[in-house]
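Next, two complexes with chain A in common: one pairs it with chain B, the other with chain C.
And now, the complex of A and B:
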C-alpha cells in the first residue's frame, strides 16, 4: 500500500490550467478574455476616449491619450490578453487625437499620439509621425540639439524617405567647424613655409653682400630688402603656429557635445 | 662674422620653434572631425520615470474600471471574479495599491458582493484577495469556509499559510481533517499537500497526534516520505558544506603557494645581490630559485 501511495505521488501530474485562463488558488481559473472579446469597461474606456478625442480642446488631449492607452500600459493579465482585440479601435482614436492636435499646432500632443500609434502598429512606415517629429526637432534645434537629434532620428526611422529629417539628422550629427578649422591649419603651414622662404632670402642677401663689393647705394637698398624679408619672415613664423593652433581650437570647439536624448514625453508607449 | 653667426643661430631657433609648434596642428589635420554616434539615442530619465509611473497608474485605473464594470453587472460572476483578480494584481505594487485606494476606496465591498453572489468559488477568490492585501485572518477564515461549503480540499490547504501567520493553526487543522475524506485516487498530490499542511501546523510533539485521522499505512508512507525529504535536505546541505570547504581549501592552498613563491623570489633577489655580478654565483642563485619554486605546489 505504501509503495502504491509513493508511486502515485511520483506519477501525479497537476492538471495545467487552460492557457487563456487566469489561475486562482483553490478555485477554477478565470477566462482572461470574455466571449465578446472585450470586457465592458474596456469598451467603455475606448468609447469615452473616442468621444473626447473629438470634443475636448486640442490642448487638453493629453489625458485622453493616457486613457486610451490604459489597456496597453497596465500589466494585469486581463488587459494584456485583451490588447489584440482593443488595438484597431485604439489606433483609430490615436489617429483622431494626433490629427486634431497637429491641426491645432499642439506638436507635443500630436507627436505623443502618433508615436503611440506607431509603437502599437509595430513600428512600420508612418509619414505623419515623421512630419510632426521633424517639425518639433526644427523648433528645438538651437535650444536643445540633443533632443532635436533624437526626434530627427526617430522621424527617419518612422519614414526613411523624409528629406527634412535626414538633413536635420546629418546637420546635427556633424561638426560644422571642421572644414574652416582644417583650412586654418593648412594656412598655418603655408605661413610657415613662406616664413622659411623669407629667411632664406635674408641669408641669400647677406651672402651676396659678403661675396661682392657694391656701391654704397646698392648696399643700402639690399640691406633694406634684407630687413623687410627678415620682418616678414619673423611675422609669418610667429603667425603660423597661432593660425594653426587657432584652427585646432576652432575645430574642437565645433565638436558636437551632445548625444540624442528623448524628450520627457517620448517614447509615448513602451510595449512590454 | 660674429654678428652673422648670431643672426644664423637666431634664424634657426625661430624656424625650429615655429615648426615644433606645428606638430599638434599636423596631427589635428589627420584626425577626422568628431561625429555624433549613430543610433536612436537614449531615453531621458524623466521619460523612464514617466513610463514607470504610467504603468502603475494604468494598472490602478484598469482595476478601478473593472470594479465599476463589476458593480454595474452584479450578476455577472466572471466580472466580479475578474475585479478581485485585478485587485490582487494591484496589491503587488505599493504605488498601484495606493493609487487604487485613492481611485476606488470602497473596492473591498466588492469582495463581499462576490461572496454573496457565488460562495463557490467566490470565497476562494475573496480569500486570495484578502491574503494578498495582508488580511491573513479574514483570508484564512474565507479559505476554511470555502473548504467547508464547497467541498474544496485545496482551500483547506490554502488556509494553512494565512492562519499559521496569525497563530490560528487549530482552525486550519480542523479544515484539513475535514478535507481528508475528499482525497482519493488521482488526488494523491493533494493528500500530500494536506499532510504537509498538518506538518506545518505541528511540532515534533504534536505531529503524530495531529495526523491521527490518517490511516496507519498512509501515515507510514507519509512519514517515510518526510524522512526521505529530510534525508535529501541533509544530503544537499552536506554537499553544499563540502563544496564550501573544498573551495576554502583551494583558496588557502592558492594563498600558501603564492606566499611561498613570493618568499622564493625574495630569497633569489637577496642571493643575487650578494653575487656582485659574478655569473656563476648568479646562475647558482637562479637554480636555487627554481628548486624553491618547484616546492611551492601547482597553485
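And now, the complex of A and C:
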C-alpha cells in the first residue's frame, strides 16, 4: 500500500515537470508555451532577422545568425517549447543568410548559416553546406591542415557523395610519403642483393685468374671487369642502408602531424 | 666524406694484385705494372710496387778480394778463378754458365740447379779454365745467368800467355 502511494507521488511530480504551466507559490501561473505557439518577441526577432538577412552587408551577417539561433540555444522551457514552431522560419532565414553570404564570398558566415540549418534540420543531406565547407577547407588546407581536415570530414558527413570533400579528407588523412618511402625501403634491399651479387662476381673473377695463365690483355680486361664490379658492389652496399633507412625516415616523417581541429565558428549551433 | 668517396671509387672487395695470385708463365701473362714471378715455382704475378723481379749484375773478376778488369790464366792446367755478381732485385735461384772459345775450356763451378742469391747481396762464385797453348788472347768469356725465367748476359776477357 505504501509503495503504491509513493509511486503515485513520484509519477505526479514527474508529470508536473511537463505541465503546460509553471506553478510558482503565491503567484499567478506562468505560461510555458505561448498560446499562439510563438512568443511575439520571437516572431519579431525572426522577422527582423529575415529583413536583416536581405539588408545587412554580407560581412555583418554573423550577428544576425546569432539572433536567429537564440531560441535554439536557450535552454529555458519557454524557449525550448517554441522551437518546433520557430524551426521552419529559422531554417528559411538561415538559408537566406547562407546563400547571400556565399554569393558574396563570406565563406565562414555562409558555413555557419548552413551548418546551423543542417543541425536544426536533423543532419540530413546538405549539398550547400558540403560545398561551402569544402571550399573553406581548400582555402585553409596549407595553412591549417587540421582545420581543413575537420571541415572536409564535416562536409563529407553532410554530403557523402561530395567528391572534392572526399578527396580532400583522404588527402589530408593519408601519408603522402608512404609509397615513396616503401619504394625506397625496397630499393635498399634490392641494392643490397645487387651489391652482394657484384661481390660474388669479384670473387669469381679472382678465382678464375688464379686458376690458369692467360694472355696479359685478357688478364687486364678481367681485372677491369673485377674493379667495375667491386666499385658497383661497394657503392650499392654503401647506398643500401642509406636508402632503406632514408625511406623509413621519409615515410615516418610523412605521417600527418595534425588531427581534426574545429574552427571557433563551428559547430554553429550547440543545442542545450 | 673523402673516405667514403675513396671507398666508392676503389671498392673494397677486390684483393691487391700482389696477393691475388694471378697465374702466369711469363711476364706477358701479367697485367700492367706487374711481373711474372717464377721463383721457387710460385708462378704468379707480382706487383712491381711491392716487389722487384731479380736483376743480376756482373761486377767482374776477383783477385785477392778485389775486382779486376781481366785475369791471366795458365795453359795446360785447370785453374779456379773467382767472379762476383749482385742481385739488385729480389732473392732468387740463379743458374750461371760460362762459355768461351773452345780452346779455353771455360766452365762454371756453381750449382747446376741454381745458386741462391739474396736480394741486394753480392755473390762470389768460381769458374775454371784449361786453355790450350796457342789459344787466342785475350779470350772473351760469355756469362749467362738465368733467374726466375729471366736471362742476363755478360762478357769478360781473360789473358792467355802464348
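In this text, the second predicted complex is superposed on the first by the 248 of 272 C-alpha atoms of A that agree within 3 Å, B and C clash if a C-alpha of one lies under 4 Å from a C-alpha of the other, contacts with A are read in each partner's own complex, and residues count from 1 in each chain.
Convention: contacts are C-beta pairs under 8 Å (C-beta built on N, C-alpha and C of every residue); 3 or more make two chains touch, one makes a residue touch a chain.
A quick note: this is a predicted structure, and the numbers were derived from the prediction, not measured.
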Touched chain A residues, chain B compared with chain C: B
Which superposed partner A:223 touches (first chain B, second chain C, both, neither): second
First, second, both or neither for A:213, with chain B first and chain C second: second
Partner chain(s) touched by A:234 [first = chain B, second = chain C, both, neither]: both
First (chain B), second (chain C), both or neither touched by A:127: neither
Partner chain(s) touched by A:182 [first = chain B, second = chain C, both, neither]: first
Partner chain in contact with A:199 - chain B first, chain C second, else both or neither: both
Contacts of A:77 with chain B and chain C, given as first, second, both or neither: first
Overlap of chain C and chain B interfaces on chain A (superposed complexes): 199, 202-203, 206, 210, 233-234, 238
Chain A - residues contacting chain C, complex: 199, 202-203, 206, 209-216, 219-220, 223, 226-227, 229-231, 233-235, 238
Touching residues on chain B, where the partner in the complex is chain A: 4, 7-8, 11, 14-15, 17-19, 21-22, 24-26, 28-29, 33-44, 46-47, 50-51, 54-55, 57-59, 61-63, 65-66, 68-69, 72-73, 78-79, 81-82, 85-86, 89-90, 121, 124-125, 127-128, 143, 146, 152, 154-155, 157-158, 186, 188-189, 192, 217-218, 220-222, 224-225
Complex interface listing, chain C residues touching chain A: 4, 7-15, 17, 20-25, 27-32, 43-45
Sites on chain A touched by chain B in the complex: 1-2, 5-6, 8-9, 12, 14, 22, 24-28, 30-31, 34, 39-42, 44-45, 66-67, 69-71, 73-79, 146, 149-150, 153-154, 157, 172-175, 178, 181-182, 185-186, 188-189, 192, 195-196, 199, 202-203, 206, 210, 233-234, 237-238, 240-241, 244-245, 247-248, 251, 254-256, 258-267, 270, 272
